[in-house]
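Structures follow.
Two complexes come next, and they have one chain in common, chain A, joined by chain B in the first and chain C in the second.
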Partner chain A sequence: MDAATQSRSRLAARRFMRRRLAVLGLFMVLLFFVFAYLGPSFYKWKFEDQNYTSSLQGPSVEHWFGTTQNGGDMYALTMRGLQKSLIIGLIGALISTAIAAVAGAAAGYFSGWTDRAIIALIDLLLVLPGFLIIAILSPVFEGHTWHIFVLLLAAFQWMITARVIRSMTLSMKEREFVHAARFMGVSDWKIILRHILPNMSSFLIIDATINVSSLILAEVGLSFFGFGVQPPDISLGTLINDHWQSAGTENGYQFYFPAVLLVLLVLSVNLVGDGLRDALDPNAKVGEQR
Partner chain B sequence: MSREPLLEVRDLSVTFPSEAGPVAAVRGLSYHVMPGEVLGIVGESGSGKSVSSLAVMGLLPSRARITGSVRFRGSELLGRSDKDLSAIRGRGISMIFQDPLSALTPVFTVGDQIAEAVRIHQKVSQQAALRRAVELLDLVGIPNPAQRAGAFPHEFSGGMRQRAMIAMAIANNPDLIIADEPTTALDVTIQAQILETLRKAQETTGAAIIMITHDLGVIAGAAHRVTVMYAGKPVETGEVDDVFYRPRMPYTLGLLGSIPRLDSAEHLPLTPIEGTPPSLIHLPRGCPFTPRCPMRIDKCEQIEPELLSMQTSGTGHLAACHRSIEIEEQNLQSTDIFPAPVIGPPAAAGIPRDQRPVVLELQDLVKHFPLVKGAILRRQVGNVYAVDGISLDIREGETLGLVGESGCGKTTTIMEILNLKRPASGSIIVLGRKTAQMSDRERFAIRRELSVVFQDPMASLDPRMPISDILDEPMRTHGIPDAERSSRIEELLQIVGLSPEHASRYPQEFSGGQRQRIGIARALALQPKLLVLDEPVSALDVSIRAGVINLLEKLRTDLGLSYLFVAHDLSVVRHIADRVAVMYLGKIVEIGNVDAVYRLPAHPYTQALLSAIPLPDPRKERARRRIILQGDLPSPANPPSGCRFRTRCQKFAGELDDRQRQRCIDEQPLLRSPDNSAEDHLAACHYAEGYAVLEDVAEMTS
Partner chain C sequence: MGKFLLHRFVYLVVLVVIATSSTYFLAAAALNPRSNFEGRNPPPPPEAVDSLLDGLNLNDKTPITQRFERWVRGVFQWNLGDTIDSGSVNEEMGRRMGVSLRLLLIGSILGSLGGVAAGAYSAVKQYGIPDHAMTFASFCILSIPTVVLSVFLANSGATLNNAAGHRIVYNTGEYTPGLTEFSRAGIADRLQHLALPSLVLLLQGFAFYSRYQRNSMLDVLGSEFVRTAQAKGLRRSKALIKHALRTALIPMGTFFAYEFALIFIGSIFVEKIFSWHGMGEWFIQSIQKNDVNATAAIGMFVAVLVLIAGFLSDVVTVALDPRIRRS
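The block that comes next holds the complex of A and B.
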């Protein structure tokens, strides 16, 4: 770590800390992670346990979130679902931002045919109904793994970001330090990876964060209709799907726990995203307050 | 001095709060302006010259803390409400800003905007105000004012917008005009037009002017009195002749000594001021110039000197230096105080020019940009003739200055050279190899021999990389072994006058001058033979500039480099270049040995260009006859037939008869040696004739 990076990240951290809501969001996200991954190991029940003697019990000291019809423990199930939703959101966001960065930067930097081809692809993907296509393709990955599902989610997520990155690249490739690298003979891809993308890192970080929450929502939406995460895997979406009918009944807790957790998770990630934007984007006005 | 001063500023201080601490932008500035007088305020960026004028106008944001007193016609302005001040702004005091594009609203016509300025302060009808707007546009020299009043700001060129701003500023016959860097964003020939317009506007309205600028030449010609500012404080003030001929503060001396002179044929060394202006956040006790001052004594670090009256000069000549009495008694010059490096001529200079190898050659280089219309069906509707057949050559150890105003094609020319691609027409020959016939491998290899230094030191270094990585990049790209690279980085930093400890820092920790040195170090990393310098000093402050120019001169001698030096500043080119090529609208109009071209410029454009540049010498400035060009650069998409310069040519407009003019319209002039000139001097004019623009001045003053 050098002095400037240090001072820059320290300044960003200071600006981030000034946003109480963003700090709260970050705290919540960390809490979700801790509970989702460490929580189950300190808990009596496992998510695959089925205790037929105690089905449909309300929340208690024994079963924190109550139990399901089959006597599964709702807390263990929810944490398991949270794990999947978090990991899908995170990996999907990273993949989608990476695709966007590479495609957008290539389109902007090379222009000409590369640009036209990538723009055409973006336009095509934007008019295709992603939800429907993933739904139709869902039998293909049914019973295999959720990894293909993540890739598909990311494949329909990157286009808008790529367009923004393309236009940022268009202006950045005219900057003198990029010219300088070109005139000393550095290859095009090295210029993109060494000079262009690092100078957009704050945008990329913000974008990836915001993508996390939209990917979680997309996953939940698809899983709810049975097209996303497939059993035996569990996600917040499948949980909500399994139990939505209980909403409003005396067993409503089966629906409310995963649903409220989902809302809180997306809200916290969005708060972190907003806070990061204010902290990293020099044009944001918040940094000047106080 | 019996009259009352029009504006009197006493002990003005402005402080801005910031995260790092309070920024003392102005610290105790006092000056006065008499009616009809022109006061020049000179200083580098960050010296507080603009902030102080904004404080006078009451235009600073409310978080600024302003103390002191600003009295206009005897009444205090500070502390008045914005509404009260609005009655004075525009009517009593008006302002001309640096950037005329952002000073005009893009959605209203220029005429409406001037009419609005009239109607704010005068009860007249819309019709009468518009008529007045047309009158004003005519006064500031806009052709077809009635028609142009209906145009929008984007339809005006930069120079015309600045004229419109002047028209707006004088719309209500103000008593005082504050001009904040009014010509900094403009080309020299346009600058000459604008200064002339300001002078005319002042004559018509009798207004006093506060002229804020960093350009000592502009001040020398225009101002009666000068105040030099440094780190928020005035350090020297007095009649313009006193300050320019008898400067008594080391900073002023250094500033004057650091400007290359257009009018001196002998090669005088420049005296750079070492170091950089201090940060205004934690100013140390004592004189803020101390760390850069070669005359500092212990007292300087303890006590900040007050402005003291100088004995041998005219009244009102004050200087803030503990040793100014000494300077006055011994009449010290800048070369006495500041160490000027002695730089010998390059080794190659001993060999006659035509026996030295050619490093770069352009033959009839052409670059046209197609103008296309339509989003889907793209059709070409014309060409921008950016570079239209230029030929030049640079020999080993030689510096060619390529000069011209913005839009003349000089940037396109160097981009064509640096791209090393096959040109649309003509050829580029680098170190004896035609770019059109190079393979990719050869092209890559030749990049070692050819490197570039850019204009903007802020933009030319990747902000995300430490200096060591920046210097390492060219060597890594060209496969220099690791062991050599790290020692080479240290060596490079030393060559350009930085210390090896700087290697781990990031670009934003350096000042503009230091960054430009880093840019030069990067260009030298692969030991090239030819350096393309794209306006390498024009973005730097005056006091920093001399250091970079000296460095470039030293490197040329020590390393045997050749330079292609692109600039719009003809004084810098005269100082550093051996030969000069003047470009106008994609063509070279005059080329030759620097001394020959500057002594007896033969092309009317070169003459006008040289005549337009203000000299930092008040007497010469006052005595000069200026050639003021008419109008703006024509569009390179639609250049005039025949001679491209004829639409603005003073010779075409004045001296020639109709038959001679017809030749200018029909026939493109070729480069040829003008009759009364020495060898190595070519001009592209049918009626080329040497005219000693600069010496003419000297005769008139002597």
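The block that comes next holds the complex of A and C.
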């Protein structure tokens, strides 16, 4: 890393740190990770524990988030679900941004038939709502791991970003450094990967962050109907599916703990995304005026 | 202009045809209607299952292209096939479309109009207290999944009823059976049922549209033609509405088109939580019952919805953008 890029990222970091809400969001996201992955090892109960003698107990020192009908510990279950939701959001966002980057840049760079084919695919996928298609396909990946589910989620998330990247590539491929690289005989894909995409890295970072929260929401929606994460795996979506009917009763804690944590998680990720946009995007209005 | 719209329309129809066919193939390949009979005790004779499935055009022993051909021939005769319970898909769809329409209409229209108005206002008064409040509120609402928001509002409704001591809103179903439909009591009853689910859709539409409209309005407000309009002596309000807002609405058309499919997805959750028997609920049931024809019909319904919304947004763009109109 040379001096110029270093100072640029330091500048961005400084601008990010100035946004108090964004820093709070980042802190919360890190906290969620720590609690989800390290929390359970310092806790008395495991998520698979079922203690029929203590069913449906409210939150207490013994069971922080109370217990379920089967005497499962709600805190252990929620942390387990949080793990899955976090990892699905993270991996899915990376895959989706990667697809968007490659497809969008290829469409913009090669133009002609490649461009037309990718645009048509984007339009088609925008007409077919991802939720419906993944729900229809759910019997196929039922009983398999959640990896296929993540791939499917990412496959329906990249389209709008790809469009933006395409138009950015269209203007960028006329710039001198791309011409220079082409005249030096650098191959097309190498130009895309080494010269064009790194030049939109801030956009890609922002997009990936925002995708994390969209994917977490999509996961919850599909798992709520049993079309996403399948038992024995647990996610925040399956927990909400299992317990939403308790919401109005005295056992409402079973719904509210995972639901409120979910909202806080999505909110924190969105705050980080907003802060990154202001810090990295020189054209962002808020960043300019402060 | 006519040529542009015609071109767009043909393109959208082609997309709908491809989308609907893909939905049929995916549903026919992924769903297994035969499994509905496998768990029964005593197991029905295979020949009986075969002939039943043949009659419904659901037999997985028939090649998928043949089943598709038969289905397409039906669609051209305005017949979407049979449900797995040997009912008519057309009839079921007609009934449920009405339910979904009544559910979605008020909430989504009020939400999008209110959102656009609020977003534009918020941009004009940027960094004022209403702007901060609105931005913060829509930021929070967009972070709440539809399921959680629906469950939360359904419970708040129950709490409200308890606090008031009598029933103000209902949180399950579409209406109370037994009331005359067009009497005053009947309509009031329907509105009581409609209030909470509409509020979910309204809040989400409001949050979504106000956010985008604010951004798009901010982009326009700094531009020179707005300043020119004011310099020419137009009143500020007129310059803002006729010049700024009009331009800022153009990019919203595209959002509107794609958001339309999402409204349907949102209604799946709302129907589930508030027990309405509309298209969304039907979609879930169809997949759970391995009902290929019904699933394909719903896929087609959504694709046509997106087509209508997409075409409307093109019409709006043409109406608002003189550059496209003249070309």
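Note that in this section the second predicted complex is superposed on the first by the 283 of 290 C-alpha atoms of A that agree within 3 Å, B and C clash if a C-alpha of one lies under 4 Å from a C-alpha of the other, contacts with A are read in each partner's own complex, and residues count from 1 in each chain.
Keep in mind that, in the parts below, contacts are C-beta pairs under 8 Å (C-beta built on N, C-alpha and C of every residue); 3 or more make two chains touch, one makes a residue touch a chain.
These numbers were taken from a predicted model, which means no experiment stands behind them.
J.: With everything superposed onto chain A, say whether chain B and chain C fit together or clash.
T.: After superposition on chain A, chain B vs chain C: fit, no clash.
J.: Can you tell me whether chain B or chain C touches more residues on chain A?
T.: Looking at chain B versus chain C, the one contacting more residues of chain A is C.
J.: Using the touch definition from the top, say if A:Pro198 reaches chain B (first), chain C (second), both or neither.
T.: It touches chain B, and chain C stays clear.
J.: Is A:Val220 touching the first partner chain B, the second partner chain C, both, or neither of them?
T.: second
J.: Considering only the touch criterion stated at the top, classify A:His179 as touching first (chain B), second (chain C), both, or neither.
T.: The answer is first: A:His179 touches chain B but not chain C.
J.: Looking at A:Val61, would you say it contacts chain B, chain C, both, or neither? Reply first, second, both or neither.
T.: Neither partner.
J.: Note down the smallest distance between any C-alpha of chain B and any C-alpha of chain C in the overlay, whole angstrom.
T.: In the combined three-chain model, chain B comes within 6 Å of chain C at the C-alpha level.
J.: Touching chain C in the complex: which residues of chain A?
T.: Against chain C, chain A makes touches at 123-124, 126-129, 131-133, 135-140, 160, 213, 217, 220-221, 224-225, 227, 240, 244, 247-248, 252, 255, 259, 262-263, 266-267, 270, 274, 285.
J.: Name, in rising order, each residue of chain A that touches chain B in their complex.
T.: 2-5, 175-177, 179-181, 183-186, 190, 194-195, 198-199, 201
J.: State the interface residues of chain C toward chain A in the complex, per the touch definition above.
T.: Chain C reaches chain A through residues 15-16, 18-19, 22-23, 26-27, 30-32, 139-140, 142-148, 151-152, 154-155, 158, 218, 258, 261-262, 264-265, 268-269, 272-273, 283-284, 287, 290, 295, 298-299, 302-303, 306-307.
J.: Which residues, counting only chain B, touch chain A once they are in their complex?
T.: So the residues of chain B touching chain A come out as 418, 444, 447-448, 450-452, 454-456, 459-464, 466, 473-474, 477-478, 504-506, 508-509, 519, 522, 526.
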